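In what follows, a structure is listed as structure tokens, so that the remarks can point back to it.
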Amino acid sequence: MSMNEFKPKIVAFCCNWCSYAGADLAGTNRLNYPADVKIIRVPCSCRVNPLFILRAFQRGADGVILCGCHPGDCHYTTGNYYARRRMTLLFSMLDYLGIEKERTRVEWVSAAEGAKFATVMNDFVKTVTELGENKRLEDLRCKK
Amino acid sequence: MQEMMKKRAKELLASGEVTRVIGWKKNEFDYDITPAVFTSAEEIDRDFIYDDFCGVNLSKFTFQHQKNDTKTLVFLKPCDSYSMTQLITEHRVDRNALYIIGVPSYGKIDVEKIKADGVTGILSITSEGGDVHVHTLYGDKTYAKYEVTSERCLNCKSKMHPTYDELIGFEGEVMETERFDEVAKLEAMTPEERFEFWRGELSRCIRCNACRNACPACTCETCIFDNNDSGVAQKAAADSFEENMFHIIRAFHVAGRCTDCGECSRVCPQHIPLHLLNRKFISDINKFYGDYQAGAEIGQRAPLVNFTKEDVEPDIVAKGGKA
Amino acid sequence: MQKIGVFVCHCGTNIAGTVDVKAVAEALGKEPGVVFSAEYPYMCSEAGQNLIKNAIKDYGLTGIVVCSCSPRMHEATFRKTAAAAGLNSYMVEIANIREQCSWIHKDIKVATEKAIVLGRTAIAKVALNTPLTASSSPVVKRALVIGGGIAGIQTALDIADAGYEVDIVEKEPTIGGKMAQIDKTFPTLDCAACILTPKMVDCAQNEKIHIYSYSEVESVKGFVGNFTVSIKKKARYVDETKCTGCGLCTEKCPMKKTPNLFNLGLDNRSAIYIPFAQAIPKVATIDADYCNMLKNGKCGVCSKVCAAGAIDYKQKDQIIEEKYGAIVVATGFNPIKLDGYDEFAYNESPDVVTSLELERLMNAAGPNGGTLLRPSDKTHPKTIVFVQCVGSRDTTDCGKPYCSKICCMYTAKHAMLIRDKYPDTEVYVFYIDVRTPGKNFDEFYRRAVEEYGVHYIKGMVGKVMPQPDGKLLVRAADLIMNEQVMINADMVVLAAAIEPDKTARPLATMLTASMDTNDFFTEAHPKLRPVESPTAGIFLSGVCQGPKDIPETVAQASAAAAKVIGLLAKDKLLSNPCVAHSDENLCNGCSSCERVCPYGAISYVDKEFRMPDRTTKIRRVASVNAAVCQGCGACTVACPSGAMDLSGFSNKQIMAEVDAICR
Amino acid sequence: MNNNLKEEIIRTSGVNVLKCMRCGKCSGTCPSYGEMEYHPHQFVYMVEKGEIDKLMDSPSIYKCLSCFACVERCPRGVEPAKIVEAVRLAATRRQGGNHLTAEEIPCIVDDDTPGQLLVSAFRKYKK
């Protein structure tokens, strides 16, 4: 498969109250971003278990992005603060294991930031496309 | 030291203050020590031991053998005491059912280091002062103790006992250590080098679960790797996922709760430096959220169930760890 | 095995324009578990909904997926549709193929492929859905208002007006709060007592309102609709039911050297006292720290003179337990202590006073009968310096980082009143900024300057130096003149910052209501839910939520009352069934979940378990109060053993979605 | 506007001038106010504006007693005296080896010079 044809699989976890609404607004405003992005709706960014992210990579995702309310704006007041810590540590660990750190991202997108949502997704897809297929997590134990 | 411990254990048993004693017992070899429950003075006289090979962390064993209807005496080294404090914080052991005696640890010997030096046919090993004498089928050999002290003891984080009822010997202090140097070395590598390093290490894993079974932070009623409903349960060769992720998930699960006792690496039959995963989390937590030592105090709030509004953003990772 | 129906909406051409809806319906029809698949121009129309209802009945569907617009738009609609056809409304999932597909993609092939993926993701999820029912709990039709200041009074009156029982708990012997101590109110200059005391009387006379004065909240249990509160009625050594409030005891009491706290200690009163003439309840209270009878058993004068026989030296604290459906916090504020500000000589000179003290000094019921006199020598002050922002906007340890909001206006009021009554008195106001947002506020401030000749100087006072002749030498910067000025003043008035009452923090812990770092209660949403705490059933009224003046306080008090009435008007509370639940067989009892729960919904119980070897073991396990849980899911991730899961967004469901996307 | 100098002053003083809310309490409190051409609050503002040269050329920098009253009383923790010190230091550095010596003192001291100023000057510039 040549780089030009490579279509990454991107899983985007979006909190129901801000980022999912932001994604809807991007749609309402007809702001285009690649179809590679598929959104999973969760009540809050703090619902996203690191296991889900690893699971996505296991099943062949090339990039995973988590979107939540801006810190301070969480519908449940504190959820995104916990999510922020969990993801910081998880991403740092993946980087430590030599997994490309560009494959994971957290973005705070409010319900009013449809344009930001589209920009973020365009940028993330571009970054992951340039990285190519996610092989390292699968290869981590297979010493050739 | 050992005799003082035996004396106190027997006194407490005799007075009825405790009905059981948890300590260390010698196995077939001098260096093969196992945790054990003692219930009589005779057993203690015969089997109880405390020497430079008693590396095993008694907190996990105590957790597994706890009885809430009777009081148990347990001897804890500083390392074990931290683990035990964390278990008490998490309500995994009942503090009231324990009588804890803190004992000092002056560094435990890693027999693997001796074996790695090419020594075989070991008959006995004795540690005296600063020297370690190895008596083998093929002759004797003497090491300076520091040469054969385990890595975790050379990088001892603390000689203090966060929780105890009484102490035998003097109370130590929190130590200045270089335990994060190895982590920093890895962090300084390129992602490709790190990947190759970890691939080399993790590919040796045989999934024996020894690390999990020895870990004092791994006390779940049912481990998610054993729970068919968790979505990550280990199924024989279903796919490579669990194999790949086991260590990441395990390290994440104990992040903020791991006291860095080093049991995971000690018990690993494949000598994978698993403590470097845990230390990465500890080092990140210290760096991002301020110094935190799990098990330093009963009732501490672990960093992953805590936050500040000013916490660093996850993109700090993409920026190479610098805010 | 689930029998799933798939319904693909064209949304006119909104979806069908870029998504090949027929192809989507066809592809999804082949997914495992799907027994029916159809498309229709407008699925949300009556005909579309009928299509769904009929399919549910005809095919015995156990779950449906609607591929349409955002669930934020029509999820509720299709849930109702399902329920109408006898299918549990939580067996519905929406695949968002409009906002997240047809509207953002132009290429039909790309959009169609994505729509299929989104559809099969929803199918994977709905296959794992379980029927959920909203649990309901009854509502106790009674409200508790904590704090009897103007905020608490207004909230209680409004709730009572709607016909519900309200109890007010006030820690002082009388309700009225800070407003009762204030002389006049800005920007109208009407007398505070004249507008407050009628409301206090209304409270006393309203059959629906019960006042627990000289009482404090001891503990709070329960949850929205069903709180159980213990109230401690402190011993006042006077039987409230007998005391007529005649005041004879206060006249005869020999202990006249008791500091009068209502006048902020500026004068003295007797040990048995009624705080002020219009107190509600108008009942005497004995100050146990000063009463000779209570201290050493000698005296008993009040008991002898009391014709009603109301004095009871043996009275004890009493605990009352009561049930409430809603709780309103109206704990108010206090000026901060000025011990950290030596430069203003507050502790050195009696002529340096806080603004609240000035209110009492100017009040007709105050220590000087309404004539403004220097506390030190009772002479008329000829020069008065006002210092703004004392402790407000101050990031040092002794101050508060926020703006106290009311000081600019009450200082303008004080300055104006003084200039009006004593035109020979020069008044200087040192300000950093004059903040006057509010109806008729800036006009009011301008009147102080333009009509009353108050000297406003932009700059801050650096030091107040008491002089041997009793004057106060004030050194300050005049930033506009760029010079340092020295003023020989007779009095200095400090606009001390206000802070939440000290009782608020322990109360917040009891209520599991969150607070900010300044001990102000946080609101459920800073813009859209300003009078509710994030903890369901707890409402906020007045300064406990943030600094505000009287009109704002009253507005918020009524808003809180409206929210309470809305809650009490319900017979039952239906809760969102998408809440967390714990598998006690897996639970470690480690408290991780409890620590991240923003609502205090998780508690622990010791439970007996049968072990495989037929012994039993008692373990500590988490239990979620479904009425309190809001379903954020923070606990599910904090849980190390995976015991905690979230209905409607379970681990398995989300993993199934991940798998379906990555397939 | 001298950005390099501004950065140097901010770095050497460790003061964040943006914390200032311009209340003027520092100047209201300063015992040397009358002696100074530029006053403590102006130091803070002029550093923010990058007008460092004017400050360095002004005798004001030698009028500050380093009594730290402004630091003590600033409600925002801005620490103006540290700014003055930093500007003074920058001026000293510009002079190169021209440091204060004990021999010079009799010529420049007069009856009005507070003793505290001399002590603090020696502490800082006799190096």
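Annotations
Residue numbering begins at 1 within each chain, and the chains themselves are lettered A, B, C and D in the order written.
Note that a residue touches a chain if its C-beta (ideal position, glycine included) is under 8 Å from a C-beta of that chain, and two chains touch if they have at least 3 such contacts.
Please read these numbers as outputs of a predicted model, since none were measured by experiment.
Listed by label, the chains that touch chain A and also chain C are B.
Averaging Cα atoms per chain gives one point for each, and the point farthest from that of chain A is the centre of D.
Counting C-beta pairs in contact, the pair that comes out ahead of the other among C-D and B-C is C-D. Distances from each chain's CA mean to the overall CA mean are smallest for chain C.
Centres computed as Cα averages put chain B at a distance of 47 Å from chain C.
Centroid to centroid, with C-alpha atoms defining each point, chain A and chain D lie 52 Å apart. Note on chain placement: the centre of chain B and the centre of chain D lie 56 Å apart, centres being C-alpha means. Taken residue by residue, chain A touches two or more other chains at 50-51, 55, 78, 82, 86, whereas all remaining positions touch fewer.
Within chain B, contacts with two or more other chains are made by residues 230-231, 304-306.
Under the touch rule stated earlier, the contacting chain pairs are A-B, A-C, B-C, C-D. Within the complex formed with chain B, the residues of chain C that make contact are 585-592, 595-596, 604, 618-620, 638, 640-643, 651-652, 655.
Every residue of chain C that touches chain D in the complex is listed here, in rising order: 343, 389, 391, 393-396, 399, 430, 432, 458-463, 475-477, 479, 482, 484. The touching residues of chain A, when paired with chain B in their complex, are 50-51, 54-55, 58, 71-72, 78, 81-82, 84-102, 104-106, 136-143. On the chain C side of its complex with chain A, the touching residues are 70-72, 96, 98-101, 103-106, 110-111, 113-114, 117-118, 121, 514, 522, 524-525, 534, 578, 596, 598, 630-634, 636-638, 646, 649, 651, 654-655, 657-659, 661-663. On the chain A side of its complex with chain C, the touching residues are 9, 11, 20-21, 23-24, 26-28, 30-33, 35, 38-44, 46-52, 55-56, 59-61, 75-79, 82, 86, 118.
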